[in-house]
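Both complexes below contain subunit A, partnered by subunit B and then by subunit C.
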Partner chain A sequence: MLDCAIIGGGPAGLTAGLYTTRGGLANVTMFEKGMPGGQITGSSEIENYPGVTGEITGMDLMMPWPEQCQRFGLKHAMVEVMKVDHNDDGSFTIHKGDGTSEDALSVIIATGSTPKRAGFKGEDELFGKGVSTCATCDGFFYKGKEVAVIGGGDTALEEAVYLSNICSKVYIVHRRETFRAAPNTIKRVMDTENIELILNATPEEVYGDKMGVNGIKINTPEGLLDLQVPGVFTFVGMNVNNDVLKKEDGTFICDVNEAGEVIVNLRMRTSVPGLYAAGDIRIDAPKQVVAAAGDGAVAAVNVIPYVDEVKNSREK
Partner chain B sequence: MLDCAIIGGGPAGLTAGLYTTRGGLANVTMFEKGMPGGQITGSSEIENYPGVTGEITGMDLMMPWPEQCQRFGLKHAMVEVMKVDHNDDGSFTIHKGDGTSEDALSVIIATGSTPKRAGFKGEDELFGKGVSTCATCDGFFYKGKEVAVIGGGDTALEEAVYLSNICSKVYIVHRRETFRAAPNTIKRVMDTENIELILNATPEEVYGDKMGVNGIKINTPEGLLDLQVPGVFTFVGMNVNNDVLKKEDGTFICDVNEAGEVIVNLRMRTSVPGLYAAGDIRIDAPKQVVAAAGDGAVAAVNVIPYVDEVKNSREK
Partner chain C sequence: MAKYIESTSADFDATIAEGVSMVDFLAPWCGPCRMIAPVVEELAEDFDGKAKIVKVNTDEEQDIAVKYGVRSIPTIIFFKDGVQVDTMVGAASKDAFAAKINGLL
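What follows is the complex of A and B.
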């Protein structure tokens, strides 16, 4: 029986591993089928992780984490987790992709969320080199320059307003005539002088070279438009990686919001005792490395007394 | 009028400064009367800030932060803040120690909290060299060793249980015969084999040398007891640094809990629009650098759209 099973090996999961093991839990496994490090390892430049300066890639930023986080005894199981069951006795069962399972007294779910791709040509090739899904992360790299935002929902419009404070001009490329967003957000977009709308339009192809994006070609009612911008931000939805929490009837083992994000309190507790969430999978996450890592620490310091208490009561 | 006033220059305040300015707020000042860096600069060794490895002091850990956080335009006002007023028009006035004041559209309060000293001989001299107020931070340095815990409240007992998972033995030194703590916590202490109680006892003197603490002398009903332990953890209460939020009638400008900690939600919003809190001053804070920094990022990404909106509505 594991003291704690950590699902996911990004900044949240790694930090949860560091704090649980360093805090005295003897038997903690982090389940991560790939190399630890998370989504950020796909980023070409990070300058907002406090304390780590210089021009650094996401890969370089995360390089020292696994060793640091594993030196206190965290085990890494390189296997996919298919499903987490909440058992009648309060424990959890982790069903693994190899068909076997492990039991755990507590679980920290840190599987994150993945931005959806818009699906135009060049998007994958230039992702992280001018194509971005995070204005907070990458907006500043286009200070004083023009950028395109793809999408027409709340997030797209909010991020467009955010970018308008940094960039000289923001084009919003949206496939419909109208926006599906909060009226107040739409109003703010309309009130912002350096935002220009390109409606009834779909991206055809983003193009560039080794240095990054040079522009994006857009199908519009007036024909093909060539926007020569160095940055393209796509906001066409998120896949919350919550499949492992899904029961067979399609409901979840813990409370989630309408977007499927796990509902937590300030201690990262979910609605299920012993189940904690950390990082991008939880509600209101800013989707930043330092915040995900903070979540991992918070979840861990709250898991430890929980596990102590459960063990104590089980011994009787 | 400042876009945002950040009060406090520890990990939370610095990171809030990084994210607000990098996120496009043009006019942000961090008020910190001393050198930025915060309480952690008094620690002799940190090994749990993710991504920063090796034997590093708190001072070294925080060394690169001010420059990194200020390169996007954050201003540092080296002045004490006496009081923050919430004005009728929704803005804030920052009253400074030099008698002048500044107005701000939003405020991030990140003044932290300070552990109280127990008041025995040698405590100050050996603080950070064997005398600690944080089990999560320093417990691991005494793995397999004996430590003393000074205090008898909830925190002292909870931290003693935490330390009992790491240390070979934990002595709880408490000045009374009984504990003022939750019955369940007391029960867990009683059930833990490697915790020993020393009651009706007060610390006389902690002693040591350049290498750190060698032991602590304790006044007990049976006479002076010499506990030869390398670690002494004091938990005799916290001073929450919330004075700047106090009104003249002694109430606070925003909701606080019974301990005086600022009540926030997952976006670090307080009960007052435009006022955010980050780090150790808020409820449920784990008092860890990475979590405080995460809070600063969260507060900042939520302040930015707030300020945008207020500016937008003021322009009309």
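What follows is the complex of A and C.
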């Protein structure tokens, strides 16, 4: 029986692992299907992680975390978690992708979020064939070529600036007149010569052939615009990864809001005793590395007394 | 200890010509590629003698990437006797990759 099972190995899960083990829990496993680090490893530049200055990528930022977090005995199980069950005796069962399972006294769920699909025609068929959600991964396939960026938030604008250094031209397609990104990021977009804004516009259809995308048709106030670009990058928000908390009947083992985000209090406690949530998966998450890490620490410092109490009562 | 094969355009066709191969198209700066790196290493051990686990650095080997229409990394292509039979885009679990390989053996 694990003292604590941490599901997910991004900033929230790693920090939860650091604080639970350093705080005295002996038997803690972090379940992460691959190398820990999380979605931030796909970001081209981090400007807002306190204490870290200079040009640094998400991958650079996360590089030392796993080693530090495992220094106090955190174990990493490189396996995908399919489902978490809440048992009658208050413990949890972690069902793994290899068909085996493991029991735990407490669970910190830190599964994060996944980029949303924008929902236009052809997007699913051409995903990975010119439609992408990762500029640092796929930008270099479009060196010297024109690309379109769909979205108007912080991520869309930051990645558009990154792409403008590689590509000959970047079109930003945004459904509104104004952007809701940080002023500093908006200014950088405006100051970049090879970025062109297409505002009040929504993608209609991305088209291509066997080798990939050839262009995208966009609804604009002036009519249908056909952009003949080989690359389309979408940054239109995130969906939380809450499947592991779903029961067979489709309901969740703990309370979630209408967006499927896990409802927590200021201790990151969910509606189920012993189940905590941290990072992007929780309600009102600012979706920032520093906040996710903070959540992981909060969840961990509250898990420790919970586990001690459960152990004491079980011994009696 | 079994290891994956790092392939270049000089030996790629010969590498995948016979049997079952799983080819991981990656680049060193790609976060999701790095995430599956330890998974690919374990697969090379697990399928030692049964299937070839191959890595192609698309940064250096753009010709192979272009030939197979790779425009997103990581892209994982499964070959049987030199013929492309399946493709996965993005990071996935070891079990998901192993299931694809087992399906071809």
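In this section, the second predicted complex is superposed on the first by the 198 of 316 C-alpha atoms of A that agree within 3 Å, B and C clash if a C-alpha of one lies under 4 Å from a C-alpha of the other, contacts with A are read in each partner's own complex, and residues count from 1 in each chain.
What we mean here is this: a contact is a pair of C-beta atoms (placed from the backbone, for glycine too) under 8 Å apart; a residue touches a chain by one contact, two chains touch by 3 or more.
Every value quoted in this text rests on a predicted model; they were computed, and no experiment measured them.
J.: Under the stated touch criterion, which partner chain does A:V298 make contact with: subunit B (first), subunit C (second), both, or neither?
T.: A:V298 sits against subunit B, while subunit C stays out of touch.
J.: See if subunit A has more residues touched by subunit B or by subunit C, and give me that chain.
T.: Counted on subunit A, the partner with more touching residues turns out to be B.
J.: Check whether A:E158 is in contact with subunit B, with subunit C, with both or with neither, and answer first, second, both or neither.
T.: So A:E158 only meets subunit B here.
J.: Check the residue A:A201 against both partner chains and state whether it touches subunit B (first), subunit C (second), both, or neither.
T.: neither
J.: Touching A:T136, do we find subunit B (first), subunit C (second), both, or neither?
T.: Both: A:T136 reaches subunit B and subunit C.
J.: Quick check on the superposed pair: does A:G37 touch subunit B, subunit C, both, or neither? Answer first, second, both or neither.
T.: second
J.: First (subunit B), second (subunit C), both or neither: which does A:Y19 touch?
T.: first
J.: Between subunit B (first) and subunit C (second), which does A:D191 come into contact with in this model arrangement: first, second, both, or neither?
T.: Once the two structures are laid over each other on A, A:D191 reaches subunit B alone.
J.: Per the contact definition in the header, classify A:V84: touching subunit B only (first), subunit C only (second), both, or neither.
T.: In the superposed model, A:V84 contacts neither subunit B nor subunit C.
J.: In the overlay, answer first, second, both or neither for which of subunit B and subunit C A:V290 touches.
T.: first
J.: For subunit A, which residues lie in the overlap of the subunit B contacts and the subunit C contacts?
T.: 136, 140
J.: Considering the complex alone, what residue numbers of subunit C touch subunit A?
T.: 27, 29-39, 42, 59, 65, 69-75, 87, 89-96
J.: Under the definition above, what is the set of subunit B residues touching subunit A in their complex?
T.: Within the complex, subunit B touches subunit A at residues 11, 14-15, 18-19, 22-25, 47-53, 61-62, 64-65, 67-69, 72, 136, 139-140, 158, 161-162, 165-166, 184, 188, 191, 264-267, 282-284, 286, 288, 290-298, 301-302, 304-305, 308-309, 312.
J.: Give every residue of subunit A touching subunit C within the complex, in rising order.
T.: 33-35, 37, 39-43, 57-59, 78-80, 97-98, 127-130, 132, 134, 136-138, 140-141, 210-213, 230-231
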